[in-house]
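Supplied in structure tokens, the structure appears directly below.
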Amino acid sequence: MPSSQSRARYAYLGPAGTFTEAALRQVASPEEAQYLPQAGVVAALEAVRSGDADFAVVPIENSVEGGVSATLDTLAGGESLALLREMLVPVSFVLAGRPGTRLEDVRRVATHPHAWAQCRRWTARELPEAVHVPATSTAAAGALLAEGTTQFEAALVSPLTADLYGLETIAEHVADTESAVTRFVLVGRPGRLPEPTGADKTTLVVHLPSNKAGALLEMLEQFAVRGVNLSRIESRPIGDSIGRYSFSIDAEGHIAEERVAEALMGLHRMCPFVKFLGSYPRLDGTPPEIWEGASDEAFREARAWVTSLVPPPTGT
Amino acid sequence: MPSSQSRARYAYLGPAGTFTEAALRQVASPEEAQYLPQAGVVAALEAVRSGDADFAVVPIENSVEGGVSATLDTLAGGESLALLREMLVPVSFVLAGRPGTRLEDVRRVATHPHAWAQCRRWTARELPEAVHVPATSTAAAGALLAEGTTQFEAALVSPLTADLYGLETIAEHVADTESAVTRFVLVGRPGRLPEPTGADKTTLVVHLPSNKAGALLEMLEQFAVRGVNLSRIESRPIGDSIGRYSFSIDAEGHIAEERVAEALMGLHRMCPFVKFLGSYPRLDGTPPEIWEGASDEAFREARAWVTSLVPPPTGT
Amino acid sequence: MPSSQSRARYAYLGPAGTFTEAALRQVASPEEAQYLPQAGVVAALEAVRSGDADFAVVPIENSVEGGVSATLDTLAGGESLALLREMLVPVSFVLAGRPGTRLEDVRRVATHPHAWAQCRRWTARELPEAVHVPATSTAAAGALLAEGTTQFEAALVSPLTADLYGLETIAEHVADTESAVTRFVLVGRPGRLPEPTGADKTTLVVHLPSNKAGALLEMLEQFAVRGVNLSRIESRPIGDSIGRYSFSIDAEGHIAEERVAEALMGLHRMCPFVKFLGSYPRLDGTPPEIWEGASDEAFREARAWVTSLVPPPTGT
Amino acid sequence: MPSSQSRARYAYLGPAGTFTEAALRQVASPEEAQYLPQAGVVAALEAVRSGDADFAVVPIENSVEGGVSATLDTLAGGESLALLREMLVPVSFVLAGRPGTRLEDVRRVATHPHAWAQCRRWTARELPEAVHVPATSTAAAGALLAEGTTQFEAALVSPLTADLYGLETIAEHVADTESAVTRFVLVGRPGRLPEPTGADKTTLVVHLPSNKAGALLEMLEQFAVRGVNLSRIESRPIGDSIGRYSFSIDAEGHIAEERVAEALMGLHRMCPFVKFLGSYPRLDGTPPEIWEGASDEAFREARAWVTSLVPPPTGT
């Protein structure tokens, strides 16, 4: 095991057993790295900004609930941070209780509000009378339940959490969508840009110049005209008044690729606010479909052609 | 006071003192109507579907956090419901405690996760060590605090809630954004369409045929080409896999207006799923800017012109 | 042979032997119809307007030279006329002279300016010193040459004209483009609209509201958003000042089809001038590729859906 | 007067008295330059290609008839030529005859077909029986008439031509459009690019990758997304088969400006054929309206921003 001094420090949403920890394990084992559990996503990201951690692992998108607003907002505001890598964790829930608890005993169920939302149909059907007790994380709900002094009888937690805290599984596969996954990102300080791999993603925050429908159309055309596809686009209110939106975008490609760089230049020219959060490899390794005219070579040829038409100024 | 029999029944997110109740009071006073507090937004909407309530009042959008996902998802799925009216409630929070509590005593703060998010900066500055205890509503946090047996020392609640439960205000104006507002809607069963007023809003849920950037562009052009502006557009994952999105849209205008009706026809033809949630008056009464060619009269003239060019089939 | 009284009268660009006569023969033989040769395209079209002819046959587009401006302008202005059918005639030229003429004798060549343009490369190569003598038609050039008193030694004419006037072929296949064709149209008075066949064409004249690039984009989107393809688009200056353009357009489909009708309505609403010149069968019988959402059935379903959402006004 | 050796040689459509000569006089007086009259536009342009002339002056666009196809086609094909300057000449026609000719004597009128087209309405009204005798230029028609042996009684010519050949004016102001103008260009060999003035024009020939309506939309978006307006766009068939079009375009701006250069790069990437014909000052000196984000400075800032995000590869 490397010494504590030399091991990289990873801030993440704890306690032990969270889905976030499962994502962190994909990056570095507890033997290789220092795990620094935090009370929330904001704290994890701020730990990187303050230098208390080298990296943070945070959820950015859930296939059921959408963008994780605390993550998106914290990345969008404040000092720049850089996304370095993405990780996917399948979402799987069990209803767990202290040993001996039966389904018919359950009247209050603790869990994180996102987890509650993802099991909404199951609970409505099997526990129509049950009340939701919000917890800061599914793992925290499990930990409290294990302590034995809570006002709730059961918790919706990951199978890992149930094991970790010695809880008994009352019901399995309780998530409404079996294929649900959460996407996590590894976040560091800016200045290190992962090398292009040919199958990359670029994450951006963009504010529109106005709230007209036309402004969104024009923003999308900045991508379309350069042959850049988007794999995610989400709007969030800017927060100053109802009607102005910030867009969180994943574009297919790497900023070191010409078509992406030119699209970013276009956004920079037309939009009052564009924040580059990083270019990093796609987890699935699928290269984007790029039409011939959007390849780096096509851009270089086009630039060479225009340059050949403009003689250098006389006298220089 | 009308008899309980004849008074309309309104389901809403309770208990007494929530922001939702403040919105409901804009629609009907407790004397005129039966107030039916519910445990959540889903329960309030389902009460209308089941016939247990005539109407529901639910939050649909917050100027800081964006769309309320439970409301949007419940409206998008299941039996149709109709939006009939919108209401705005300013968001204002105080940090409240039992009498005698001082700021330096506070280590745990109960409130709804959305409220916690809206006071993020204030708590990070004034209570950097404090832990968030999630509650089902701000009013519920206040009620629990008043009971006196909680494991938290303070709650972020509305001034109304603090009053209602006899709590003492520790700090005022703790919301990060002073101008924050929440938009609520009055929801009923379909079949009653508010009359067009000239300043209306139409709310839709639309799924795109594919997750290409081009598909979103084409969907927006269905509005643009008919001169219909959008006052809100929000994406949410459909939930079947990462990458497919559902759009929640407010368009300016009423379905009884030609340009809106034709845009809806266009969406219906191109998109696999379009749900009409209602046309209803804008609270601010501001009529949209409609260019000449998008007026009802322009549509009628254009239709008359085309009809004049196509002689009726011979033999009729 | 029908009596002169009952036979339909066809005005066309004469004299005998023109390509236009070849197009007319595709419509009606000289036995079935009265052929009324005219001095020009304008005269042929005006003969229909005045009632002196029932129909006119005129060239509308040449695969080398583009739109025939006299035809397009005469159709665009003045009393409405209706396009009823299209005919294609292959363009083939020979260099013809009086018997005994050799290529080296030729210093002046008579022909219509369009024919001269279509043989530009051949004459530049084989007769670099030859001067063009403009004629009103290729057939007229041939006829004058046969008279024997002209100041030119040869004419570029169709093989038919060479035969008809007893000229000798000096060189064959002199057109620069072997596959060149001219498209002709049969024109009548409005009020008779050919039935839709499933493979039709709609011809329009459209003026843009402004000379901004954006105006052309918006006009094209009126077609694109309804799934209507264009098979021809040509700009011509409106003539009032440099910079304003009129567009001559062939759209795929028939005005009796929903997607075409709605696109025409859109043009009527946004453009200061739209003239419908006719919907008629495509000569090649190729049905357009229509995506599912642009079929008549998709339009009817979409209309029925919108109608179902708008309850009829109370009291009616 | 400079010696013939040192005087620049200008090829143009002769003979003396043509509108083209009037345009040439705006560039260089007969004292300063050698005037080389040619039989046609093609010959004038080829004289520059062959080195027989230094420059050519040719008509490129007429406010009534549109693009001059011989000019556009000759510029589009073959060895590159460069547009250096534009000139406008008002179009004004008189009906001229030999001394003593009266309007009622006129049965045949000689003139260039474009001139005939521009006086179409006047001749139809005043000389409904008159036949058009095509001439190679209006000046040639005047010259032939002055010779006295022609088979026509009158010619439509410029007032200058009537004077030059001693003809008598039978009727003045016979052009249908009083404000008609013809635009001429000064053409040289490539390699000399006029300096940007802030009010320039860039002329291009572009072929579309397909004949779908969408292809034209995409081509226009290459301009729109960079904030480049078009002052002229004209389609002409490519000539290989009906349905494929070449576009002749005047864009506002100079290739040395960033937004124009990037738009040209975009065209080069998407289109099978793009020919740059020149960037040169607008005659009217009107600078284009450029929105803030399309200025050269905005492009430079955007490029600097993107560059700052991409650290140089390690090891360099």
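Order of writing sets the labels: A, B, C and D. Residues in every chain begin at 1.
Here, contacts are C-beta pairs under 8 Å (C-beta built on N, C-alpha and C of every residue); 3 or more make two chains touch, one makes a residue touch a chain.
Since the model is a prediction, treat every value here as computed from it, not as a measurement.
Visitor: Enumerate, in label order, the chains that touch chain A and chain C alike.
Guide: Output, common partners of chain A and chain C: B, D.
Visitor: Would you mind naming the chains that touch chain A and likewise touch chain B?
Guide: none
Visitor: Chain B to chain C: how many Å between their CA centres?
Guide: Distance between chain centres: 57 Å.
Visitor: If you average the Cα atoms of chain C and of chain D to get two centres, how far apart are those centres in Å?
Guide: 25
Visitor: Report, in whole Å, the distance between the mean C-alpha point of chain B and the mean C-alpha point of chain D.
Guide: 59
Visitor: Where does chain D touch two or more other chains at once, residue-wise?
Guide: 221, 224
Visitor: Applying that definition of touch, give me each pair of chains that meets it.
Guide: The complete list of chain pairs in contact reads A-B, A-D, B-C, C-D.
Visitor: What residues of chain D sit close enough to touch chain C in their complex?
Guide: Those residues of chain D that touch chain C are 39-40, 42, 61-66, 69-70, 73, 88, 112-113, 117, 120, 124, 131-136, 177, 179-181, 183, 211-214, 216-217, 220-221, 223-224, 228-237, 239-243, 245.
Visitor: Would you mind writing out the residues of chain A in touch with chain D in their complex?
Guide: 191-193, 218, 221-222, 224-226, 255-256, 261-262, 264-266, 268-270, 276, 293-294, 298-299, 301-303, 305-306, 309-311
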